[in-house]
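In the two complexes below, chain A is the common chain; its partner is chain B in one and chain C in the other.
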Partner chain A sequence: MYYLQLLINGLALGSVYSIIALGFTLIYSILKFSNFSHGGIMVVSAYIAYELQSRFNLSFATMMVLTAVIGAVLSWMVQFIGFERLRNKKSNIMLYFVSSATLGIVLQNVVVLTYSSTFYAYPAFFKPPFVNLGQFTVSVTDLMMLGISIVVITLLMFVLYKTRLGIAIRALSMDTQTVQLMGINVSVVIAVTFMMSGALGAVAGVFCGINYVLTPQLNQYVFKGMMASILGGLGNISGALYGGLLLGVLEVFITNAFGAGLTPVFTFLFSMIFLLVRPQGISGKIVLDKV
Partner chain B sequence: MLKINDLSVSYGPVTALIDVTIDVPKGKIVSIIGSNGAGKTSLLNTISGLVKKQKGEILMEGSPLPNAPHKIVRGGVVHVPEGRKIFPELTVDENLIIASATGQKGVKEKSEEIYALFPILHERCSQHAGTLSGGEQQMLAIARGMMSNPKILMLDEPSLGLAPVIVKQVFKFIKQINERGITILLIEQNARQAMGLSDYTYVLENGHITMQGESAVMLENEEIRKAYLGE
Partner chain C sequence: MGYYASVLTTATINLMAILSMYVLMGLTGIFSMGQAAFMCVGAYTAGMLAVRTSLPMVVVVVISVGMGMLSAFLVGLPVVKLRRDYIALITLGFGEAIVALLNNLSNVTGGANGINGIPRKMNIYLALGVLAVLIFLLLNFKNSKFGRHCIAIKNDELSAAAMGINVPRIKLLAFVLAGGITALSGCLMAYNTTFIEPMAYGSVKSIDWICFVFVGGVSSLTGTLVSGLIFNLLPEVLRVFSLYRIIVQGAIVLLIINFMPQGLFGEYELSDLVKKVAGLFKKKPAVAGGDKQ
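== the complex of A and B ==
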């Protein structure tokens, strides 16, 4: 029973990792580089959410939606400043990486300059903070994270698998040049993908802020997302989802067994062993293309 | 319909096409034959906007083509690339949806119409395109091109890597598409098949057009028979 309780906590944490990983993976799958500016978008959005909340006292749902929209706009700006010119010049993929890391640092430091590096905390959104579900005691924050993640992920999957835009995004991850021959404006699809990724990053940023505290260091959670997407199979959408859940559950169980201090050591150890056994990740596959 | 005047293309110091002039009349099938590296694919990539031209003009129904590839496709100039380039992890259905000229609406009717032409694809409509056989993939590539409502369909090596009996089938489809009033520009290494199907043939060698004429006449040409038909 105790372990079931841990499992629920792990899934709630994992769902946040999944959302980070999905935002990260969306960009990786279409442009083939690790977008570290994603962490910057998470931090800035989380602070903007804090401002919205403390100034206007919005409902939780309104704040989440607003923050997601702001994250999307921010991410569009990042792609416009950081990547559009590189793409037009057909630059080396290494430059994308440098550009994304730089923008990540810039965004983080905009927050440091504005708020200094002290900790902030969101007001308590949910009273009471815990509910009893049968024999389990679950924090409302965990429940909300899990619930909203499910909604967000369902929405994302619907767009990716049921709309023409989603088909275009998936096709773009396979072959950029041929997508143009389908009459699709690749620049628009890339911009929209960045906006989707930014919205996911914003939601994840707020969750991280609620779950821990609001600090400019929140951007480091992008590495959790990256690790989750590697575990799931880099560039693979459903893989990012499973990878995030696995990482979350893993962390909770390891923390329970060995204490929080040693958690990173054991998660990395587990990840290394996992990748030795299954280098392509959970859902990654080696694609065989017919000549 | 499609007129190419004095077109030159180079990749850095390497020249791919020099002063190529080609005329594709409405409703006809025009083939361009030539060996590997003659510049055939470069020509199609330039028409469809994937490669920038250095010199010359490309006119569609009298007006120059737009710059961006997606606008060129919307103008009815549709390119079915070499090696089929279907999206292997999308289903057959999705491969058709993505190419739809009208966006999401009208996809159903349009794909019904195309499935009527290619019944084998209908059977496989929810299968990943990567699991199709080579011939089926080529048919999908052509079907996908048809989804974009082409006025002119440009096919790059549709016979590549296919068994002779499948090649015949694919060429029969090309003929059927042409009979629906769609102009065809066919690029082929398989010179005999290409000339057998087309009305007019150009020979491309080292970036130059070296010969041209009615396909029926070209098939009898001594030089062509030696160089391209192995006689």
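== the complex of A and C ==
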């Protein structure tokens, strides 16, 4: 029974990791580079959400929607500043790396300069913080995280697999040139993908802020998303989903057994062994170099 | 030790770490987002040995470099066969894991308090001497068969493999070499600052190093050295703006990447210039003598 309780907590945590990993993987699958600015977008949107909430006393739902929009705009700006010119010049993939890492640090540093490194906390959104479901005690935040993650992921899957835009994005992840020949405006599709990724990042950022505390160090959580996408198979959308859930459950059990401080060590060891045994990830499909 | 000498010593030791980044990115095209963790490994090995034992400094340095190479080998082993991104992400995880480990094993490593009272055995001459040896070795390394293999891998992994280069093996070797160099710089840093703590070796430091290498020119050792020196000394000169350091640095890096993607130096080396000038002087008598070739 105790372990079932842990499992529920792990799934709630894992669903947030899944959202981070999905935002990261969306960019990875179309542009084939690891977007390290994702963490910066998470932090900045979480702080903007806090600012809006404390100024205008918004309801939780309004705040989430607004934050997603802000994250999308922010991500589009990052795309415009960091990658637009590189893409037009068909630059080496290494430059994308450096550009995204730099933008990530700069975004985090903007927050440090504006708010200093002090901790902030969102107001308590849910009045009874815990509910009893049968024999389990579940925090309402966890339930909301799980619920909203399911909604967001369903929405994303719908867009990716049932709409024309989704087909364009998935085609782009296979071959840019052919997509261009088919008459799809690649720039627009890439911009929209960045916006989707930014919205996911913003939602995840707010969750991390609610669940822990609002600090500029929040961008550390993007590493969890990256780990999750490694476990799931880099560049694979459904893999990112499973990887996030696996990582969440794993972390909760490790923390239960060895304490929170050593969790990064054990997650690292686990992912090393996992990569040795199954480098292609859970989903079994990863992006490979083509000639 | 005077102020300038101490600033210069620290900058020199940092330059060594940046050189390891050059081996990874400039030569082999590997991205390591947690390279500072190997500096941490070197620094802690040196710190613990220097405080608890009476081994001579040379032995401690050798052991730390060995530890750095060993950890690089273990980290690199599962990922060298995969795409480059895996190395970047796994090293990131390694960096986090090392910091967490050092913070939590407080009875061995002093936890977040770090290690105090390491004897100060570094001075500017020793630092410059080590750096000079390192540069000499790396220049030769770049022109060796192994170095050329690395450059081939950087330019195109698939075609390098098609030419019969054992890509995972070369990548692993380069990674281990870079780990050793970074550990060396960490070890010397421990002897220089006499105090080490885990939080100083986070991913931000590694990303800084990546930026330095790119500003100087990713394919040029000279460029790496020059931009490393500038970015290490500039914060000392412009102390007033220290708050905005990262933003200014980020702006510079973005401008360079977008408008000068080869970096300041491109592929030019100082030694090329020296050779050219030397060639000018050598050729003249040959032409005058009317050699038939």
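The rule is simple: the second predicted complex is superposed on the first by the 284 of 291 C-alpha atoms of A that agree within 3 Å, B and C clash if a C-alpha of one lies under 4 Å from a C-alpha of the other, contacts with A are read in each partner's own complex, and residues count from 1 in each chain.
By our rule, contacts are C-beta pairs under 8 Å (C-beta built on N, C-alpha and C of every residue); 3 or more make two chains touch, one makes a residue touch a chain.
Keep in mind that this is a model prediction, so the values were computed, not measured.
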Q: Pick one for A:Thr62: touches chain B only (first), chain C only (second), both, or neither.
A: neither
Q. Is A:Ser117 contacted by the first partner chain B, the second partner chain C, both or neither?
A. neither
(Q) For A:Thr154, using the defined touch cut-off, is the partner it touches chain B, chain C, both, or neither? Pick first, second, both or neither. (A) neither
Q.
One more residue to check, A:Ile184. First (chain B), second (chain C), both or neither?
A. first
Q. Is A:Thr137 in contact with chain B, with chain C, with both, or with neither (first, second, both, neither)?
A. neither
(Q) Tell me the contact category for A:Ser54 with respect to chain B and chain C: first, second, both or neither. (A) neither
Q: Based on the superposed arrangement, let me know which partner A:Asp175 touches: chain B (first), chain C (second), both, or neither?
A: first
Q | Residue contacts with chain A in the superposition, chain B compared against chain C | A | C
Q.
Give me the intersection of chain A's contacts with chain B and its contacts with chain C, in residue numbers.
A. 287-289, 291
Q) Any idea which chain C residues touch chain A in the complex? A) 25, 29, 31, 33, 75, 77-79, 81-83, 85-86, 88-90, 92-94, 96-97, 99-101, 103-104, 157-158, 204, 207, 210-211, 214, 218, 243-244, 246-247, 250-251, 253-254, 257-258, 261
**Q.** List of chain A residues in touch with chain B within their complex
**A.** 163-164, 167-168, 170-171, 174-175, 177-186, 287-291
Q: Please name which positions on chain A make contact with chain C in the complex.
A: 28, 33-34, 36, 81-82, 85-86, 89, 91-92, 94-95, 97-99, 101-106, 109-110, 113, 220, 223, 226-227, 230, 234, 259, 261-265, 267-269, 271-272, 275-276, 279, 286-289, 291
Q) In the complex of these two chains, what residues of chain B are touching chain A? A) 48-50, 68-70, 73-74, 78-79, 81, 83, 85, 87-90, 94, 97-101, 103-104, 107, 130, 132, 134, 137, 144, 148, 161
